[in-house]
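Per-chain numbering from 1; labels A, B and C assigned in written order.
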Amino acid sequence: MSAFTALVRRDVALATRRGGEAALTLGFFVITIALFPFGVGPDPELLGRIAAGIIWVTALLAAIVSLDRLFRQDLEDGSLDLLALSPMPLELVVLAKCLAHWLVTGLPVTLLAPVMGMMLQLDPEAYAPLIIGLALGTPALSLVGAIGASLVLGARRGGALIGLLVLPLYIPVLIFGISAVEAALAGLPVLPHILIEGAVLVVSLPLAAFAGAGALRLAMD
Amino acid sequence: MDPDSRNPALIAQSLSCERGGRHLFAGLDFALAPGDALVLRGPNASGKSSLLRVLAGLLEPTEGQVLWHGKDTREDPADWRRSLAFLGHGTALKPQFSVGDNLGFWSRFEQASRTPAEALEAVGLSHLADLPASMLSAGQQRRLALARLAARPGGCWLMDEPTVTLDAASVEQLSAMIAQHRAEGGIAILATHEDLAVENAAVLTLGVRS
Amino acid sequence: MPSLLHSLASPARFQRISAHVFPWAAVLATGLIGCGLVWALVFVPPDYQQGDTVRVMYVHVPAAWMSMFCYAVMAVLSVSFLIWKHALADLAARASAPIGAAFTTVALITGSLWGKPTWGTYWEWDARLTSVLVLFFLYLGHMALSNAFDDRERGGRAAAILAVVGAINLPIIKFSVEWWNTLHQPASVLRMDGPTIHSSMLWPLLVMAAGFTAFYVVLLLIRIRSELMARRIEVLQRHRAAEGA
């Protein structure tokens, strides 16, 4: 597994360098959330009611923003050929890159979510399901996003396409994440929602590995 | 070279390749034993790069197969990939990383047998190890890419235009590197326009239309 | 050029077969849709609750069925293209996408027109309608991706992978939308088609559905044939360019 960890570490290091995606994505996440009070007004009651929805939808968008560069740079500088020629299966290469993407986007978003919740007057009951939901949902966003990012390699206007391809596929992640919060607020059991969110993540793992590797082979052809 | 007298490690059998409805080559056969070299020649777009990519396993041949120590490299690629070092058009370098970190990553990822320091020594870049890769000239970047191969002696090197952007002294260094690699039992297959001194190399000329 | 012959061999057979199938499908489509429309608009009694507005159903429901049917066909064709690399499967899958998107559009428009008198609004976030909307997005993505490459073959294979991923996701999406909808069930929603549909309504509905399917076959054949001709023109143009050099 040392090739796997080497790749994860390289991608994390690349994204956290000055001008890397990590800081940009987080900035995007915070600024976009800060726009909502301007858009709907600062009424604490209204904000509190839609806070979880705002955070979740913005987390989806933040995942999209950094996807375009997930494979593109490696394709352009020839790294992708070498990644594909390693004894490690290309499917694992895709998963390593997804893990790195999550570590620099989904994980910080999850950790920042309580702060954002505070600013948006989120109900105290909602914090735990929101954060657990994000912790399970954001890896799925990276995985499903990787399918889109690998499919648009070599396409004209690739970056703009990713959102169109991936956002509809994000809907289940969003719905089960939010429904956990709603259940908590309604005093209903949260666990079923969390379990289904986890199931979505489990389904995304092989889907991203195989579809992503197939699309990468296509891009290198 | 006579594949029967010595034990060939790499065998290409009736390889054909077609790109965008155009035949690049068809029915290519060759066998290379440890220490052998093969130089691919031919005009631009004659299929040299495609042949290297087919051999590496990045491109699917229309017909034929590549055997490494008797195993089909498509069916059973593990051994082949462990022995293979590929140099394409790109340098696979990240400008944000230092020279040493760039090579260090590939050495860890490809599980190279030589240390990055030894490989940098072989291409004469040891003194620049701590510089960001973005500071290097095009020729130096190419040498750094070659260091990745130098870190993996003994297997099969596939090189696409390795001399591009290299100065005369570096080209000489490269021929010495290839000679040493072959002396250690390695195989080298390279596509090149230029007169890179590769002794006793077989030459395969592509792009001769039937 | 054996490779060119190989790639044209099955399309040539397709041309022959389609020439036989096409007139039958066209007659069938016209006849079934004509009969179904007259039946549904004139002979079926009005609904005791919704009155004459219920007749929108005879277009809306078959269109919604077809929108899902087209995606399923596309997914099956895409799988066979990815596994057996059959050029015709790619062609048919890509030709299906805009047809499916058109059926989806019809389902959305008729659904919203139906919604106005029954719900009092043109758009209700009802589980069925929302699922159809998401399906529409999936079609848009598929069409955008398959046309985003300069190399036609690349676009076809990328779109095929997307279609398979979409087909695997579709049940999950549908399930999630229904889940979401039960959480937010508004009290005023009328069920569009309850489980107890009277046979006087069911039969014309089935006739319309069969007519729509035949119509799909007609459109599909037209699209594949024109695409084949476009490719032939491209080959000829390439030939001319090569001779010019």
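One rule holds for everything that comes next: a contact is a pair of C-beta atoms (placed from the backbone, for glycine too) under 8 Å apart; a residue touches a chain by one contact, two chains touch by 3 or more.
Everything numeric here is computed off the predicted structure, so don't read it as measured data.
If each chain is reduced to the average of its C-alpha atoms, the one that sits nearest the average of all protein C-alpha atoms is A. Ranking every chain by how far its Cα centroid lies from the centroid of subunit C, the top place goes to B. If you average the CA atoms of subunit A and of subunit C, the two centres end up 31 Å from each other. For the pair subunit B and subunit C, the distance between mean C-alpha positions equals 49 Å. Centre-to-centre spacing of subunit A and subunit B amounts to 37 Å, using the average Cα coordinate of each chain. With touch defined as above, residues shared between interfaces to two or more other chains in subunit C number as follows: 151. Counting partner chains per residue, subunit A shows two or more touched chains at residues 221.
If you check the complex, the residues on subunit A that touch subunit B are 2-3, 6-7, 10, 13-14, 17, 19-20, 73, 76-79, 81-87, 220-221. On the side of subunit B, the complex with subunit A involves touching residues 53, 56-60, 77-78, 81-82, 84, 86, 88-94, 96-97, 101, 105-106, 108-111.
Every residue of subunit C that touches subunit A in the complex is listed here, in rising order: 82, 134, 137-138, 140-141, 144-145, 148-151, 154-155, 157-158, 161-162, 164-166, 168-169, 172-173, 175-177, 179-180, 183.
Here subunit A touches subunit C in the complex through residues 147, 151-152, 154-158, 161, 164-165, 167-169, 171-172, 175-176, 178-179, 182, 196, 200, 203, 207, 211, 214-215, 218, 221, going by the rule given at the top.
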